[in-house]
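In the part that follows, the structures are each spelled out as structure tokens.
In what follows, chain A forms one complex with chain B and a second complex with chain C.
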Partner chain A sequence: MEDSKEMFKKTLLGSVALTVALSAGIASADTSDKKIALSNNYAGNSWRQAMLKSWDKVTSAAVKAGIVADAPAFTTAENQVTEQASQIQNLILEGYDAIVINAASPDALNGAVKQACDAGIVVVSFDGIVTEPCAYRIAVDFAKMGEIQVDYLARRMPKGGNLLEIRGLAGVFVDDEISAGIHKGVKNHSQFKIVGSVHGNWAQDVAQKAVAGILPSLPEVAAVVTQGGDGYGAAQAFKAAGRDTPLIIMGNREDELKWWKQQKDANGYETMSVSIAPGVSTLGFWVAQMILDGKTVPHDLTVPFLQIDQDNLEANLSNTEAGGVANVEYSLEDAKAAIK
Partner chain B sequence: MSSMTASLKNLREKPWIWSYLGMLVVWLATISFTGGKGGGDVITAALSFATFTVIVGIGQMFVITTGPGNVDLSIPANIALSGAVAMKVMGGENEMLLVGFAASMGCGLAVGIFNYSLIRVLRIPPIIATLSASFLILSTAIAYGRGLKIKPPLLLSDFTTLQIAGIPVLALFIIVVATVMSVVLNRTLYGRSVLAIGQNMRAAWLAGINVERIRFATYVLSALMAALCGFLLAGFSGGASLNMGEEYLLASIAVVVIGGTSVAGGKANVPGIWGAALFMFMLVTMLNTFGASAGIRLIMTGLIIVAVITIAGGDKPER
Partner chain C sequence: MKRYLTNPKFLRSALPAASLLVLLAAIFYIQPRAMSQFGMNLMLQYAVPIALATIAQMFIITVNDLDLSIGPFVGLTACIGATLLNTNPLLGVLALLACIAAYAALGALIHWRNLPSIVVTLGMSFVWLGIAVLVLPTPGGTAPDWVKAIMSFKVPGIPFPLIAAAIIAVVVHFALMRTSYGAVLRGAGGNPKAIGRAGWSLLKTKMIMYAAAGFFGVLAGLSLIGLTSAADAHIADRYTLYSIAGVILGGGEFVGGRVSPTGAVLGALTLTLTGSFLIFLKISPDWQIGAQGGILILVLALRALINRREAQA
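On to the complex of A and B.
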């Protein structure tokens, strides 16, 4: 009697424990005790601000849901390789299970990234990717981003014309890639000719200044090819110079979309806008989470562009906050779809 | 022979002449490349954009003139913050124009006082004090920054982009400001004190100048000029953005030095800042027009700046 009572008690306890364990297993994935850090090299523009905001929004929901234990973001103050390398070393020492990186340089951080891999840490780089083979890369096909601009222009202007190219920040590989894509597009569509090229540093005011400087020396410009963040500045410079507004390709910034909308309403102005959604940081987060979860993920992934056209301009503009960038955040399902 | 030496000596006494000569050479090179096309438009564009460099350059000049080690590195962050605050306060309303202007000046005043208190109270060297202040200021701007890129009031954007016969009105306005500052530098007790402190701080103190009060006024002046630049720049370019001040850090120092102000302090002039700002803009325009790649452009910019400084700064110290 005593025995069976004891036995019953044990069974009860055991089943309770089992139920608790099972329900815990259902409520959260195997990564519930894992910590994922974001190592970011720069925060001083609207794209990066939106990127950090998206990261915070998606990861804090994931932490609340018990999918991961913690997912803080760290940004270096000075956008320098040495600073980010030592930041990554700190993250290794602090025992993070995965580090998601937007890197200041594609190769200069490889040493620190290798150290992280050797310590058993999953490293996922996005946007500013790292070339170290042990890391995962969510790369943007920047060259393609340049090429599709000229393809679009070729459809709109079969006769071609003169192009003004606004480039990004000199010496950054993103700038070289997009520009190479644009030049490839011009090669494919020989009716276009690049008559001027300036660096706008992806900033509206710098672009405005550079375009205003070169405009007086240019013949008629049919279209402006850009890298994002510079379209509105170019429009301002053309207006100030008293020239007809050419077809300016936009880069998904709110000021650019707003200006486009105004022109569209006023005179049916038509263009397109293309960039990368800052929410790609959340794709990085989910990829890291899936790897920690034991899933097999290819080391090289490509991010889709966020392209805005004449007919979905209003919808995208209403989703974009003032001073921000058109954005898409990824869910676990989106991330799963993206790695297929 | 002696007349030539005399005229050379005369030139040496006007170190700002070189920046205007440089500007002229670069302008001629540009329009000869384009076959005379757009010569006037280049000048219009140069005047529009040089204006902003001149505003911060004047403030930086007073700071640098107070002697070795004095420099204001918080200018870019200050531009970002005061531009953002002004745009947000005004919210695009013409009636709020004066309030917005006062708000940006308030930011400038606060930044100037903060900079100086780091230097004076905590005894931090100016380079480090203003640099670390700029981190705090930019972080404030980022935190404040929700809703950046608010459109400026129509009145402000119209005023900042207004041109009469190809001459930007804002440039005329800043030429007046520069003239006033030139008088302040050369004819007022404050200006003479700045020069005296820059030549020898101890001697200036012994002569009865309140050195710290003058330095305080100088850092505040520089911060106010940066705030003015932020206010006008945000109006000119259709809204404030976090990185809109970035290029004014080196530019503010470069125009001071190229304009013939001594980096060692104690010797300054205002006209050179205008010449240097126009020169710098036209230099980039020329290289863009030539189709030079970014690498060549940066190398050439560096070399030409070094050359101008070498020629302009070739005189011997007078003491």
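On to the complex of A and C.
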């Protein structure tokens, strides 16, 4: 009799404790036992290096704070679809709760991504996104990135003028998208006219050579629209040709920002700079964490641009490593704001 | 019994299977979750197209040639499979047959002009890639449903990739190692003069082996899109090196005629598992490719050791 009473008491206590634990679990974020992996297809340029560094910085802080249990990054050696597909399958087996992907191909990883979803794993893709419907996408609106350049120019030069367009690597869809955005902007602001177009391959030296080659054939150029990684080279080409420096849109690279700062101090040169922050990988991390936490997140998100203006140039330049790209890392609050 | 087990000949043929088993045991030890049908399926799925590409490479190595274009070729067949074969099956089948015919023609060209196969296939790798980009300019396409159905076939109890690997190994072993014409084909690589003097057409043997390689290349491409469900011109670029490594891991040699279909399939499985093994070990990505090479060297060193003992015996 005494025994059964004791037992009843214990059961009651136990169920109370369980209810408390459960309701606590619903009320506050409990992803402390969850593991999130980054599957990355390529690490061979400064942008990707910065991306991995940001991931490491933000996730190791999150692990230390007990927000998640583990968040390692895995990069395939040779930017190959099949390699990344088996990497994802191995991550499924490792028992990760979420996989954040920068994908080698938008379509060819769908088989592996579907398997991950079927195994109950949250898949978030960013930058190099995947089209499989079960995955979340944090995409970049490259066309918009081209369009806002011309919008900015329209504000600065209401009378318009001639534009020189520096494009990226021929045949890559990013180049087509940004260029299409620029041309759309020019259509909206008909006072501008594109008088020349060269491929700078997102590299300062290539851009400098290409611009130097086309300059003698051009009339006066009021502004240069760019894709990032080519603004400094363009400025050097104009200087070498002995022409007035036009308004050159920058792309957040350290050498570009440094040049801009020098010009600003010397003669009040004014421009803007826009690109995608490599820290977008950390946005991917927080989105995955929020989904694991039970929050509802739309399947298709757009990455906000990192735009640098005249007044926040110094602050951004001081945060940018030599030879690197201006970067922001996202906090959980930033990520919450970004998905709204 | 003990003498039989330490016999170098037995050791050499057992090495591919032994390295696979050791690797598998190590994986199960590090990641027990892999020890299930689901786990084996996931880990070994991509071994099926690699095994098929390895068999294709093995046919070429049998006739004492080397194919540096099998990766882009598999990529091309994958692109055809995800576009033409899906939208217009008749045209798709014809295009794939044309690919096999092109391989046979390459074999004929190499034999007829006595060209080095490395140069011809290296050149062809760019041709295959170029056509693949023409067929499918941006990644995408859709694999035909029947291809996907075959690749997601499930047998209760046994992981599908193992069944597929066994079928490939048995079929090719029987055709190449057990039939009399198979012996002629192998002989054409090992001792072409003798085969020629015995009245067999060397041109024909070379064309048959290249056509067989093309056929298995097509199978590799189709099985690959069955897994990925879409294609990309660069989807199989690495298969060239994988296939060569697979043949060599499986006991094949660059001297012509000395190959083993079973070994090649086991070699492909081993290569695929090395990737999983290194990920489970949490080795930094910077070191993974080196570590993969390390495992290859280890197995080859073991074989060199056995070969030396064989020479002494």
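FYI, the second predicted complex is superposed on the first by the 308 of 340 C-alpha atoms of A that agree within 3 Å, B and C clash if a C-alpha of one lies under 4 Å from a C-alpha of the other, contacts with A are read in each partner's own complex, and residues count from 1 in each chain.
As a convention for this text, a contact is a pair of C-beta atoms (placed from the backbone, for glycine too) under 8 Å apart; a residue touches a chain by one contact, two chains touch by 3 or more.
On a predicted model such as this, the values are computed, not experimentally measured, just so you know.
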{"item": "Chain A as common anchor, with chain B and chain C clashing or fitting", "value": "fit"}
{"item": "Chain B versus chain C as contact partner of A:Ser86, first or second or both or neither", "value": "second"}
{"item": "Which superposed partner A:Thr76 touches (first chain B, second chain C, both, neither)", "value": "second"}
{"item": "Partner chain in contact with A:Arg167 - chain B first, chain C second, else both or neither", "value": "first"}
{"item": "Which of chain B and chain C A:Leu109 touches, first, second, both or neither", "value": "second"}
{"item": "Contacts of A:Ala322 with chain B and chain C, given as first, second, both or neither", "value": "first"}
{"item": "First (chain B), second (chain C), both or neither touched by A:Ser197", "value": "first"}
{"item": "Contacts of A:Pro216 with chain B and chain C, given as first, second, both or neither", "value": "first"}
{"item": "Which of chain B and chain C A:Glu94 touches, first, second, both or neither", "value": "second"}
{"item": "Which of chain B and chain C A:Pro133 touches, first, second, both or neither", "value": "neither"}
{"item": "Chain C, chain A and chain B - angle at the middle CA centre, rounded to the nearest 10 degrees", "value": "60"}
{"item": "Closest approach of chain C to chain B (Cα atoms, Å)", "value": "7"}
{"item": "Doubly contacted chain A residues - partners chain C and chain B", "value": "43, 77"}
{"item": "Complex contacts: residues of chain B adjacent to chain A", "value": "30, 33-34, 37-42, 45-46, 48-49, 135, 138, 142, 145-150, 161, 233, 237-239, 241-244, 246-247, 281, 284-285, 288-289, 291, 294-295, 297-298"}
{"item": "Contact footprint of chain B on chain A as seen in their complex", "value": "43-46, 49, 77, 167, 170-171, 196-199, 201, 203-206, 208-210, 212-218, 232-233, 236, 240-241, 254-255, 322-323"}
{"item": "Contact set on chain A toward chain C in their complex", "value": "43, 72-78, 80-83, 85-87, 89-95, 104-112, 114-115, 173"}
{"item": "Touching residues (chain side chain C, partner chain A) in the complex", "value": "31, 33-34, 39, 42-43, 45-46, 49, 138-141, 224, 227-232, 234-239, 272, 275-276, 279-280, 282, 285, 288-289"}
